[in-house]
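A, B, C, D, E and F are the chain letters, set down in written order, and residue numbers restart from 1 in every chain.
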Amino acid sequence: MSDQPIIVSASPHVHSDRTSKKLMYDVVIALVPAFLVSLYVFGFNALIVTTAAVISCLLFEYLIQKYLMKTEVTIGDGSALITGILLAFNLPAGIPVWMVVVGSLVAIGVAKLSFGGIGYNIFNPALVGRVFLLVSFPVQMTLWPTAVENNTSIVDAVTGATTLGLIKEGVQFGETISSLSASIPSAQEMFLGITSGSLGEMSALALILGGVFLIARKVISWHIPVTVLASIAVMTGVFWWIDPEHYANPLIHVLSGGAILGAFYMATDLVTSPVTKKGMVIFALGIGVITVVIRLFGSYPEGISFAILIMNAFVPLINSYFKPRRFGSRIKAKIM
Amino acid sequence: MKKKESTLINMVVVLFVTTLVAGLTLGYVNDLTLEPKARARLAKKANALKTVLPAFDNDPVPAVIRVKSGSSRDSIEIYPAFRGNGFAGAAVTGASEKGYSGLVKLMVGFLPDGTINNIEVLEQKETPGLGTKMKGEKFLRQFRGKDPSSFNLKVEKDGGGVDALAGATISTRAFSEATQQAYDIFITHRDSINEQDN
Amino acid sequence: MTDSILYSVILLALLGTVAALVLYVVSKKFYVYEDPLIATVEEMLPGANCAGCGSPGCRSFAEKLVGSDDISDLFCPVGGNQVMNLVAGALGKVVKEQDPTVAVIRCQGSCEVRPKTTEYQGPRSCAISALIYSGETDCQFGCLGDGDCVEVCKFDAMYMDETTGLPVVITDKCTSCGMCVEACPRNIIEMRPKHKRDLKIFVGCLNEEKGGIAKKACSVACIGCSKCFDICPKDAITMNNNLAYIDPEFCTLCRKCVDVCPTDSIIETNFPPRKNRNTDPGITIKVEPVKPQNDA
Amino acid sequence: MEYLIILIGAVFVNNIVLSQFLGICPFLGVSNKVSTSVGMSGAVLFVMTIATTVTYLLHQYVLVPMGLDYLRTITFILVIAALVQMVEIMLKKVSPPLYQALGVFLPLITTNCAVLGVAILALGLEDGNLLKAVFFAISSSAGFALALIVFASIREFLELADIPEGMKGVPINLLVAGLLSLAFLGFAGLV
Amino acid sequence: MAETLDQKQNFLKGIIKENPVFVMLLGMCPTLGVTSSAFNGLGMGVATLFVLLMSNIVVSLIKSQVPSKVRIPAFIVIIASFVTVVEMVLEAYIPFLYEQLGIFIPLIVVNCLILGRAEAFASKNNLTSSVVDALGMGMGFVIALTALGATREILGNGSIFEFRFVSEDANTFILFILPPGAFIALAYLAIAFNRLTRKLA
Amino acid sequence: MLRTFPKGGIHPPENKLTSSKPIKRLPPPNVVYVPISQHIGIPAEIVVDRKDKVEVGQVIAKSGGFVSSNIHAPVAGTVTKLDMIIDTRGYKQQCIVIRTDQKNESNFQDADLPLIAEISLEPEEILRRISDFGIVGLGGATFPSHVKLNIKKDRKLDCLIINGVECEPYLTADHRLMLEKGEEIMVGIRILMHALHVERAIIGIENNKRDAIENFKKLAAGDPGIQIAALKVKYPQGGEKQLVRALLKREVPKNGLPLDVGVVVHNVGTIFAIYQAVQHNRPLMERVVTVTGKKLGDPSNFWVKIGTPISELIEAVGGIPEDTRKIVSGGPMMGKALKSMDVPVTKGTSGILVISEDEASRGTPKNCIRCGECVDVCPMGLEPHLLMNLSEKGMYEKAAQEDIMTCIECGSCSYVCPSHRPLLDYIRFGKTIAKQLESNKG
């Protein structure tokens, strides 16, 4: 018998070895390949932006919890770390560091801790931070350094437009997709990640690799990413089929912009997505549709951030209408 | 407080009296402010004219010429200005629907040779902090003294000479288009205005 | 010019009249009666919606007050006699005066006198831990110390004493709404008459165990020795299941029982200190008026 | 197409609550339960549609011909106030449960900027006609309903959350509204 | 003596304890809608203060004559009249403010603050109290709107009362002049206000 | 494909340390403490007095009402006291204390009675014996069997299900019983089929007990009425609603019983007890108990007399290990943590589990991250995270609307929650309050 008093508690007395901390660090691991690609593409800049975001997210979480809220500090649980990384992944490489810090403050202070911390936030913190910056500083947020192979210096960041930006501008000016095709990177380039855009949305390959890892580790289920990407593909496919000169083909839509990053890592945020599989599918469908609507008809070239935030707002509603079927709720029991 | 019982009579009477008094007051105030209101509306135009036109000594407002232009809903107004007996220039309204939030309406003052003297934004609904910067000195400065026949009224991005507002290319395009429209009208009507007075 | 004034007068007056007429007709046609007294009474009640009166809220209590002929059994503990008299006045009914009462904690099982024998892991809530077992100590009657009572008090009249692990009632703030009595799964809390200067004498223990066992679990337990019962001149004390209880209706606060209790189980509050007996200060619960700031 | 644009505009892009700031009071006040917010949305839909119809006609056929458009505010609000009160009295009789649920809030509709605001905005529609005005009113109330119901469901969820002490109540509700409005910015430029 | 003390309380409560914006959440639409700059906030505040004051006076004068069934319509007509007066005066004499405030001027009519005070206070109290109440509440409103307008203008535009303190192309938080910024700024101002008043109390 | 229930469930490490350990007989202790409430329902009424001499199997407490059960002396000896003893929750309960008469042989007599396969009794008589001999369900709930089997004529019943699932980790009592007493259990099943007039019986066994499945398959060969079904290893396969769903694809309605879908479920232990009662007139006085734990010297399965203090069982496996922090009566998923080792074995005690420091700690609860794991594993289709929050915030009526009452308290949700939330603690509490509210209303 141990000298300490015996423990009494209600059942169950054993627990699986999965912890929320492990889930979070799995996500961090999954993001490593994409980070390496961004390092390769953007060099030092990628490192600066990511470090700034991660450090400021952790720091704000620590400071606010310790001195403002006076609650337990939870920076060890990995969620602020993910928020930092994903925020950075959603920013262009050349953005001034102070803006990254502001974005982190909004993400952690406004979107997460104001609601009581991990688990209670309605909206995806990293995306709130990102959209806040996008709306506040549209210029810096759409200044895309182009990929220069092995570019490791900060200075010669050349700005170029993203694929979606090119298409949007071009179509607005009456050009056709085929006339634009010269300036659009090829599907292969997009897949491997030699194009311009936010830090983390470079390589579809690296992102999918991490995503598959997460699915294999059962951190996320396939429902959200697959539905989001499928609905984007189907919807853009329909428009493309109707008028291929005005609407880009679905492959471009799926591979470009933040579609994959959003579908695998941001729409799947456990806290801000529905709990049931049925709910997840509805949620993801909404994201896909809104993304396409914004991309094709709205004023922003890219819409997945907004789409995720909008659907985040619907999560409580989805959760209360798409409940699991209760056992034994069949009206009439069948006896032979 | 003692509540007053509601009866048909007192309900009708009270509402009748209240509205009666309200009607009287409002009618009266309206009468009082009718003129100042009109004056305020005119003043706005007059002020705008003063800003965009070079020095003049006629009253351009009554001399206004309204022309229909295919591309815009409202008719375009041309305010000719004279100094001494010479043609000093004209202020022309221009509009574009292609602003970020729709209509952008300007008043462009031209010198007789077609050079832009100054521009004033009459109406716009652009996003504060973005599109609204078109009213800023820094932006407007680039148009002054430019002759649209040589200065391409297009955003740099589209191959023109206009330096776009940061983050507000759309607004800039609309602005440029409105200016271009005013210029086109001015050019087509310049001679008739000149003649009209001479 | 004057036309405009005339028109506006005519138009508005017309609209006004029409509106009045329509409203009149509609209100006659769709008339629903509601006793205006209900609103009056509701306004008199404190609006704490604490349910101390037995009705789910002040509004429904008002309905009940207006609806019943005899309101002498109905009482709002928060508003007290003052409010009840006001209500009675408005309704033209009589009320019964009630002695003001206050909550007392009938257990002194601090960590010091009652050692912990097990460690509980689970939500810190008396109701929940009571559901799965008898508590971290060997006394299965005493306070569980998880503060459900403090939690439910709407008037900040209770706090948990960190050192003893027991709740404390701030007598001045207690409105005797009874929420805590209801919340306590062990029925530790009792409403007792407040008396003058808040003098109270009561047995601070609920342990029904036989003397030895009780004493082993907790050194200030009532061991059912009946000494207080024997000495009480007013027969205010009853013995039941090895436990003494002082009936406030008969107790005259003579303090004789306090002296004879071998385990210091009987609590007296707010009496002047006495010279002839040196009480252990750790045992008598002092009512502290201030609430510490750091309770979360 | 025109109607589709009005609908999308009023519901998503220029949502009366989230971007026009009309009807904020009931939005913040009647949104603690999804069920009540549905009731409130219904009431607003009803009042807004009727009010816009009446005021549009009043404006078009009385005020403008008589040159009395400066009486717009006062006549509109009088019509709305009388209308709401009428609905209130009728509801009390016809559907007491609904009245119970909305009771306190019906008078709020009178002082709901959304109703008057939409009535006034409806006058300014491009190539306006009665049908368009009414459709605009319906779309606007749909936008109101959308915002209100989503907001209410979020608030129901937050009831179960441990909101920090200082944020509880007003601030957190405003913050949610703000973030909701931020998300809806994504629809910018759709119409 | 007691009377004046009472009136002071009455006045102060509108600014602090029952601040219409931060505490009572009244009149939120203009609060959020027009406060993209400090000047607009101030203008709207003053316009509202005027209407509130006038309608409180009239309502408290005629309160005993109004039957309950037409109370609201009658009050509204009174309020609407003053609003229309304000509207006409602004258009005539301060046209640029008139344009800035736009649809929110007629909407003063439906500002819950005004009807609420008319209903809850002026219709139950005497003239002096009603005037003091209107002034207190109105000032509370003015202060709140100006503060919110100033905050949004500073953050969003880098200026206050049109006075710029950063260069024209400095990066300001445009979000704060946009609708979401109004909600967010007010949320945190309300916290600040609560903390401040709690400290004062 | 192995049969199983469609939604939810978990698969914790099985840890069946004792599955190959034959059941040993624990010698009767010197003193037994027999509580009078060992079953669900009304406690039995004591019919003996201090100093009375009692024989093995003598009724010492009589059924106290309809849902109640007789209690028999597990040993021969003298009643020394009618005392209080703490129950699993630590509260005091009435019990009968018997000092074993060391001289009385019946205390040590071999209980392995010869098999009697022939069924000679009428259904009424069978049910009477089940009632008289104090048979209660040994699967966990200790519901008096005669009540369960007392089926009204108008109820349709077509299948008897024998629960040999034993899905709880660690426990092997049913497993061993099925191996060692397979023939008796088969007879017991036939007795019940005869008594209930059903043609069909299914024995459900989890696939991790291949030997038991084989054993029964052999024994049931040639009896078309009795099927043996291998089930997927998934907790809580043994919950009767899940079992009925898995075996027959019938869903027991929300607040219903298996009987509502024409089924009666009994645990294998109960069946064995019924066999002994009917064929040998032997009351329920002892049961198989698995005493287990990773740090124990010799974890074993025992035949234990009812009333034996748990401390004696632990002594029998080599005493309590150094770093023990928790002692559980029952399995790790549903068992109760004990406050003291003085608690006696009762009819419902299926195992004693001794857990060490690192296994015992529940971890600190964190905020729910709405991962939905709990929703996924809940076999009843509930939303545990929601129920917990509602219960925590005191919204019991809402919780009742969310079907909190249908929770079977399997603990799967608490088991998986990555944030270590005490979900079931709160749900159980919410159920209690919701039940109170319900009965207040009615």
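Keep this in mind: contacts are C-beta pairs under 8 Å (C-beta built on N, C-alpha and C of every residue); 3 or more make two chains touch, one makes a residue touch a chain.
Quick caveat: nothing in here was measured; it's all calculated off a predicted structure.
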Quick check on the contact network: minimum steps from subunit A to subunit E?
1
Determine which two chains are connected by the greatest number of contacting C-beta pairs.
A-F
Interchain centroid distance [CA atoms averaged], subunit C/subunit E, Å
43
Could you give the separation in Å between the centres of subunit B and subunit F, each centre being the mean of its C-alpha atoms?
87
How many angstrom lie between the CA centroids of subunit A and subunit F, rounded to a whole number?
49
At which residue positions does subunit B touch at least two other chains?
6, 11, 14-15, 18-19, 22-23, 26, 30, 100, 130, 166
Where subunit E touches two or more other chains simultaneously, the residues are 69-70, 73, 77, 80-81, 84, 88, 172, 174-175, 178, 180, 184
Per-residue overlap in subunit D, given as positions that touch at least 2 other chains:
70-71, 74, 78, 81-82, 85, 162, 167, 171-172, 175, 179, 182, 185, 189
Can you give me every chain pair that touches, using the contact definition above?
A-B, A-C, A-D, A-E, A-F, B-C, B-D, B-E, C-D, C-E, C-F, D-E, D-F
Given the complex with subunit A, which residues does subunit F contribute to the contact?
7, 10, 12-13, 90, 156, 158, 169, 241, 245, 250-256, 260-262, 320, 322-328, 330, 332-339, 353, 355, 357, 359-363, 366-373, 375, 378-383, 385, 403, 406, 409, 411, 414-416, 418-420, 422, 424-425, 428
Contacts from subunit E onto subunit A in the complex sit at residues 171-176, 178, 180, 184
Complex contacts: residues of subunit E adjacent to subunit D
22-23, 25-33, 69, 72-73, 76-77, 80-81, 83-84, 87-88, 103, 106-107, 109-112, 115-116, 175, 178-184, 186-188, 190-191, 194-195
Interfacial residue positions of subunit C with respect to subunit B in the complex:
1, 4-13, 15-17, 19-21, 23-24, 27
Subunit C contacts subunit D in the complex at 4, 7-8, 11-12, 15-16, 19, 22-23, 26-27, 29-32
